[in-house]
Amino acid sequence: MIGALDMLLLAALAAIPLSALFATTRSGRWLLVAAYAVQFGLLIMLQPATAAHSALSFQLLGNAVGWQMDALGWYFAVITIGSAGFAAAYAAGEWSEVNGRLGLSLRWLYAGLQINVLAMLLLLASGDFVSLFIGWELTSWAGLILMLLAGGDAIRASLRYIVYAIAGGMTVFAGLVITQAAVGSLQFDALHAAAPSLGTGRLWAIALLFILGFSVKMASMPFHLWQAPAYAYSPAPGSSFLGSISARMGLFGIALVAIKLIGLAQLDRLSLVTDLVDLRGLLTWVAVFTAILPTFVAMRQNDARLLLGWHGVGQGGYMLLGVIIADRLGSAGGLLHVFNHATYQAILLMAVFAVIHRTGTADLNRLGGLVTRMPLTFLAMLIGIIGLAGLPPMNGFVSKWMIYRALIVDGHPLLFVATVISTLGTVLSVYKLLHNTFLGQLRLEHEQIHEAPWSMTVPMLLLCVVVFVTGAAPGLVLQYVAAAQQAIGLEPVRYILGGIESPTGSLDMLWITAILFAGFGIGAVLFYLIGGRSRRVHQLDNYAGGHFLTADVRYQYSDNFYAGLMHRIRPWYRGSFEWTESALVSALGAASTLARGFFEQANPAQWVLVGTTVIMTWVMWYALG
Amino acid sequence: MNWAIGLVMFVGAVGLSVIGIAGMLMSNHLFRMVLALAVAEAGANLLLILAGYRWDAAAPILLPGHSTQAMVDPVPQAMVLTAIVIGVGVQALALSLVIRVRQHYATLDMRVARQRMQDALDQAAGVVPPRSQEGPAGERPLPAPTRTIEAGGPHD
Amino acid sequence: MTDVTLAVVLPLLGAFLLPLTAHRGLHWLGMLLGPALLALAALLLFATWTAFESPYAIALGGFAPPLGITFYVDLLGLLFALAVPLTSLLLWPGGSDEAAIRQQSLTLLLAAALTGMALSGDLFNLYVFYELAAVASYGLAASSATGPAFVAAFRFLLISALGSVVTLLGIALIYFKTGTLNLAHLATLSERLADPQGLAAFAMLLIGFGVKAELFPVNAWVPEVYAATGKRVAALLAGLASKLAVLAVVRILLLVFPHDEARQLLLLLGTLGVLSGELAAWQARDVTRMLAWSSIGQLGVVLVAFSLPGKAGLIAGVTVAMHHLVVKSALFLLADRWGGAVDRLKGAATASPLGAALFVLFALSLLGLPPLPGFWSKYLVLSGLAEAGSGMQHLALGVILLGTVIEGGYLLRIITRLYAAPERDIVPPAHRFPNLFASGLLALLLVAGAILIDPLWQGLNTLAASATDTQVYVQTVLGGKGITR
Amino acid sequence: MHWAELLAELTLMPLVAFIVGLFMVLMMRKIGARLQRRIGPPLLQPLYDIVKLFGKHTQTSHGLLHEFGIVMAVGGYVAAETLLPVPGMNGIAEKGGMITLLYLTMIPSLGLALGVGQCANPNGSIGISRALTAMLAYDIPFVIVIAGVAMHFGTTNLVDVVAQQQAGGIETWGATQMPLLALAGLFALQGMLGKQPFEIYVAPAEIATGPMVEMGGKFLGGLFVMQCFQLYTASVLYVTLFLGGGENWVSFLAKSFAVLVLPISVAFLFPRYRTEDVLTMLWKWPVILGLLGLVFVGS
Amino acid sequence: MRNIATLLLLGGLSFLLLVITGGLLFGNPPMLIGQGIQQAAPTEVGAANIVTAVVLGYRGLDTLGELSILFAAATAGGLVLGSTRGRSGRPGGFILRTGVDLLFPLMLVAGLYVVMHGHLTPGGGFQGGVILAAAFFLPLLARPQESLDHTWLSVIEALAGSAFIALGLAALFEGRAFLTPLFDHGVLGALVSSGSLPLLYLAVGLKVGAELASLLVRLSADDEGAS
């Protein structure tokens, strides 16, 4: 009997060959966008409150393998298909035509996107550890397709990615087999049931292995180096899709395995020698550092895509933080942030790629003043950065607010301060992005540039509407977040349309939005109705220090934008992680040379003697001992 | 007494094997390696023969009238026969390879042959050899001994 | 005429007769003879496989088992035996000049020897077949008739011959202590070998047979031989010959040395093999040697798998071994034209899209991307290791996973080059059709394996159940129950 | 609460803030004058200044965003004022809270940054870069203070905070309960106001380098209005957090003006720090004080 | 340095081997199958030389394998050395040539004798085969410019090997196991006895002789060609 979930998966599967077939014509690509709409519709038809089972289930090597989708998976699936749909629509028109002419394989692009969606759906709909791992690995490898497409720098980034991804996958694999050894089964229920009776050692091993493995995908702190370049150098739809949702699969995994299956009560058993440090405490700090450090790395980037990529890493820290705090407000904030981040990150990446589409560069030192040339794109990016910086009234504020509140209520003031530091860094960083791209001096060669085509601006603006509406009325999303919380065994958040009801400080975004706009209204009244008319000058008509600046001279203040700040904090950029990574690679190279030396002996028969003697010594020693 | 004889025998077998192995590993001359291999095989064969030896027993050949006499184990003898023939085959093949190596690389030194093989493989694969031309300190590549080169031409 | 002995004898006969066709203007016969005999052998084994009910032994020469040589026919042996003619057919060298005929002759000898190793139930007979396989391999290794090939073959011969000496010493030790050579008979006497001397004997056998099995310390020949010789030969040696050597070790381990120490030894060496092979491959800059080192690592995994006790270990080992057979053979076939530096491969996918796609498929399976069979084989090994659960096993688990990560790194290096834009318009050559065809067949096999994984696993379960049961073996051979003639 | 009442608050509170802010500006200039042995400006001088600026005829606009930036700067503060509880008018403040307020106060900065950015004046951009850096500098101690206060009172609702302080009289004031945090808050306040020694970004002495460089006429007027709001917001927030808020208008205004005396006096006595020294200064002492204060709050 | 390490390891190996072999019982082997074979061989095989009974009967497959190994070595040698080229070199002196002419028939007879009596006395196909090979190789030493006919050698090689297998297959066709001795055992100790064993040994002798001869010829040819 084919259920709704099967229909969805089948549709996603069927869309892969369709993508390969139709991706080369404009109408075909719009058809593919429609295919995403169909998938989205099928997903909506699933009842998110109760788990939907797939008819597809079988025995594999003594394990029952099946698929089911609960509210958590559904929530992530909505974001996945949504991101993919918007990305597909963004690229459907002129973008694909131009880039297809430049040699990009559109078939691979669209098929890759759809393969990613299918892999993620499989992951999100996993019903046991086997299907979880299948989905996990497929997701990891599917991402590679999109990353490799661009060629050039992307290849090095994706090689780095895949080593990290395999390392993460193998860690999960180890967790899986150890779970099987400890529990005797690979069913989710088995671990859930057995977790309370597991010894601490086993529990540590399982929890740590799964969390570490999933963290690699999340690019949590020690494993964060791969993500920004890997996502940034992908072609526009791939980049915006991957940047929106791909890394969040790790969060899904952690929510599923650590929170739902192992359970908070068991996680709290995991403390180090003294009870001072426990796993969750450790993870919260990992999350906070993931939120802070990449943000400040982002501030130094000169490539707009990399800047956003690093912010993607940093925002992942907020989500992890919220989910690990795991109280009703914090976890809701973390999960809500997944949705919010997906929306504004997609906008930002789309806007950056629209700029690239028109100007051919994402180098922040080679842009500027585009606000008059590409006003809609500017508007989209403005809304996006307000969301990313977490300022009201956009949706990013709501989820961050919930996380802050949870931190204060739960008594983690240091974590709270640290997260706010990250937010401040974000504000600085995104202003640099906006300023260097759209504000300041317009370069002469960009004078003739037009707004991006409607096929690119409309998806961005639609997403802006989403960002604004869910910012003003977060209850629209929170109902699904609450269901997802219930699905992983947490208390659901108490929400209202405008935000959160809480006795110790509630949030009503409807009000805040209203007063903010009222304030703007008053400001506008003051500004426009009182006082004289101002004279509009041309964008290139400028002076500084009383001296005219001619347009052909570059006077844009862009490089080393926060010179004062950097003067203070540059010594703190030690590059320790880069250093550690390259040291590891060097060590691997040295070990490799050693191993080669082993094989390249002058007399290979040497090892027969060595082997025999050593083994026989071992034998005798063994016999005596 | 018997114990001493046994010890001598074992020392002989083990000694032959070890001497052969030593020859194979400490010599760099291809032909001597093959000879050493023969010695080592002899040691192993001796040990195998010893496995079937019985005190005061006759050869395992039935002669009319002596059918009740104790005989040594015939199986190791058969095995040794096999092993010897195998050894002969392997050595013959080894020698033909030695001849070819000498024709190709004009050397009978294992180290030189290996180095040239490695270089040839790297070159065929289009890989620059990983070592610098100067060579690492301590193992500087010495000029190939001219004697072997003179003797090694396939022309005369 | 369904005696499985024929599967050994017919290729031998073919090998003996093949040189005659060189002289008599019988080229057409020469072209046909080898493949026909191999196909016949395969058919025969397949018929035996389908008609198989319970294990039985064949007393060669009609002599009652402990005295004469026996063949033992069970599913494990049959499976590996069946793989031999099939793989040899797939990797058949072809050609009709004198050198080609000699090479074919050697291939037939190799096939016969490997089939014999799969079926033999006698320690010394195993050794003889092993030596036959070894000598044939030396010849094949030198078959490309280049300078490097001769040096590499000589060095291979040196290691292998020294290994044989050690094996012979081991056999002598065993004979000293037990006075018998029949594996079933030895199985009943395994108590006698449960002491340092016995363990030393096992270690010696391991070293000896390990040379072909690419066992850790005695595998230095692998990279240079595979690099110097033809890729079909490399595929044959890496894919097939190594597996049969492993099978011989496993038979001995299961029957004669069912001690924990012996397993531990295997585990240790296997782990070191994974580590050394994968590490060395990391910096390899040409495809062939990369694959060679990778195959050392893979065989380490095979040994680790077989070191696991009980049915689980056998299932895992057989799965990994068979998977590696298929994948590594195919990868070497594809490396035939791509054997050079990795950097030279830029743009190869445009010249040979199918070849590149197949390469990716095999590489992914090797890395264990579910649901390809490579994943399941790795899963069986790892879950076995996790269940067994001592420190050493966990270490092995970690090493295998680490090895996979490294493997991912270097295989992806190749794959990304394949799909990169060609440099200076020099596109690597496309594949020859036979190689592409053979690897295509192997790919179909792989995909079929992915689909049929569960039935295969069920089959392996019954296979392993009988193969791990020493009692069955002993009773079949010595109890006279399952003896034909 | 009735919507009409809310509407009244929405319009009245910014108005009050504006007027109070004007007097705060006046006070600031008066104190400065006194310290420099001058008489200082007359009572309505700040208002005159604004009216004059709005009345100017020569004013250059560099584009829509240039204008909108000013609107955002003023509008953001207008919205922020409504979230500050003042005696008798805290209906809207109920809906907000400290965190919201913290973030709302970033909106004017962003608006100013956008407006200046559009001008394409490199000196303006430098000023913005400095302003944002300064924000990063003073917000860190400020956030520590906020965290401490929220922990102490167990709420982030400003109305509740005020209520709790007023319930127990002066002993329950934030300043008496958390003197270290109150001290740290003073530093943050100084930074927030952009006064010496933390006024490098405004750079009034070098008109050419700073956010105001392209602002003339009603643009500058808007910024003057913003300054009134800024003074008001900072002082009222401090009063709310540490000094028990306003029981009635008299004490409320008294406290608000009193709070400002210290920073303004300091401002006229100290020279200016460079940007990097602003960071060093604000990330050192107030942060240490704040963290110590947090420890006491937590224990 | 490397040699010192090798020596140390070798010392260790000899010590270990001596310790291990020191614990073995010398001179009192368990002879589990040896005993059985001694008892059963006269009736089962009927060869007076029990070693031959083992080599061709009980372990006949090993012998086949062994033959194959020789064959493999010869084939591989052929593959390595390639086709023989024309031989050159000065002919041997008078004494060498006369001696060879004198020895050739003697060695031929001796070889054949050893082969034919393999089942009765020490000796057999391998030993005899080697003598035969030497017999055919000697003339080449005396007269290097002549050469053995490779075609014939390979035909003998092939047919002898096939004959061995054919004898084994014959048993299979009769419904018995591969390599089961055929024919009547005859009288123990008689020349024509022990069934098909002498035939097998003849095949072995011819094959070994032909293979060794061709190997020797190849080696000598290429050695001279190279030097």
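Labels for the chains are A, B, C, D and E, by order of writing; each one numbers its residues from 1.
By definition in this document, contacts are C-beta pairs under 8 Å (C-beta built on N, C-alpha and C of every residue); 3 or more make two chains touch, one makes a residue touch a chain.
All values reported here derive from a predicted model rather than from experimental measurement.
Touching chain A and chain E at once are the following chains: B, C. Excluding chain C, the assembly's touch network remains one piece. Each step here moves to a touching chain, and the least such steps from chain A to chain C number 1.
Using the average of C-alpha coordinates as each chain's centre, D ends up farthest from chain E. Taking the mean Cα position of each chain as its centre, D sits at the greatest distance from chain B. Interface comparison, B-C versus A-D: the higher count of C-beta contacts falls to A-D. The geometric centre of chain C is 30 Å away from that of chain E, both derived from CA atoms. If you average the CA atoms of chain B and of chain E, the two centres end up 20 Å from each other.
The centroid of the Cα atoms in chain B and the matching centroid in chain D are 92 Å apart. With centres defined as mean CA coordinates, chain E is found 106 Å away from chain D. Touching of two or more other chains is recorded for residues 17, 21, 24-25, 47, 50-52, 73, 75, 79, 82, 86, 89-90, 93, 97, 100, 114, 118, 130 of chain B.
Each of the following residues of chain C touches two or more other chains: 124, 128, 131, 135, 138-139, 142, 150, 153, 155, 158, 162, 169, 173, 175-176, 179, 181, 196, 200, 283.
In chain E, the positions touching at least two other chains are 6, 10, 13, 16-17, 20-21, 24, 29, 31, 33-34, 37, 58-59, 62, 65-66, 69, 72-73, 76-77, 80. According to the touch criterion at the top of this document, the contacting chain pairs are A-B, A-C, A-D, A-E, B-C, B-E, C-E. Contacts from chain E toward chain B in the complex involve residues 3, 6-7, 10, 13-14, 17-18, 21-22, 24, 26-29, 31, 33-34, 37-38, 41-42, 48-51, 53-55, 58-59, 62-63, 65-66, 69-70, 72-74, 76-77, 80-81, 120-122, 124, 126, 188-189, 208, 212, 215, 218-219, 222-223, 225-227. Taken together, the chain B residues at the contact with chain C in this complex read 17, 20-21, 24, 30, 33, 37, 40-41, 43-45, 47-48, 50-52, 73, 75-76, 79, 82-83, 86, 89-90, 93-94, 97-98, 100-101, 104-105, 113-114, 116-118, 120-122, 124-127, 130. Taken together, the chain E residues at the contact with chain A in this complex read 2, 6, 9-10, 12-13, 16, 19-20.
By the touch criterion given at the top, residues 602, 606, 609-610, 612-613, 616-617, 620 of chain A touch chain E in their complex.
On chain C, the positions that touch chain E within their shared complex are 1, 3, 5-6, 9, 12-13, 15-17, 19-20, 23, 58-64, 66-69, 98-99, 102-103, 105-106, 109, 112-113, 116, 124-125, 128-129, 131-132, 135-136, 138-140, 142-143, 145, 150, 153, 169, 173, 175-182, 185, 189, 196-197, 200, 484-485.
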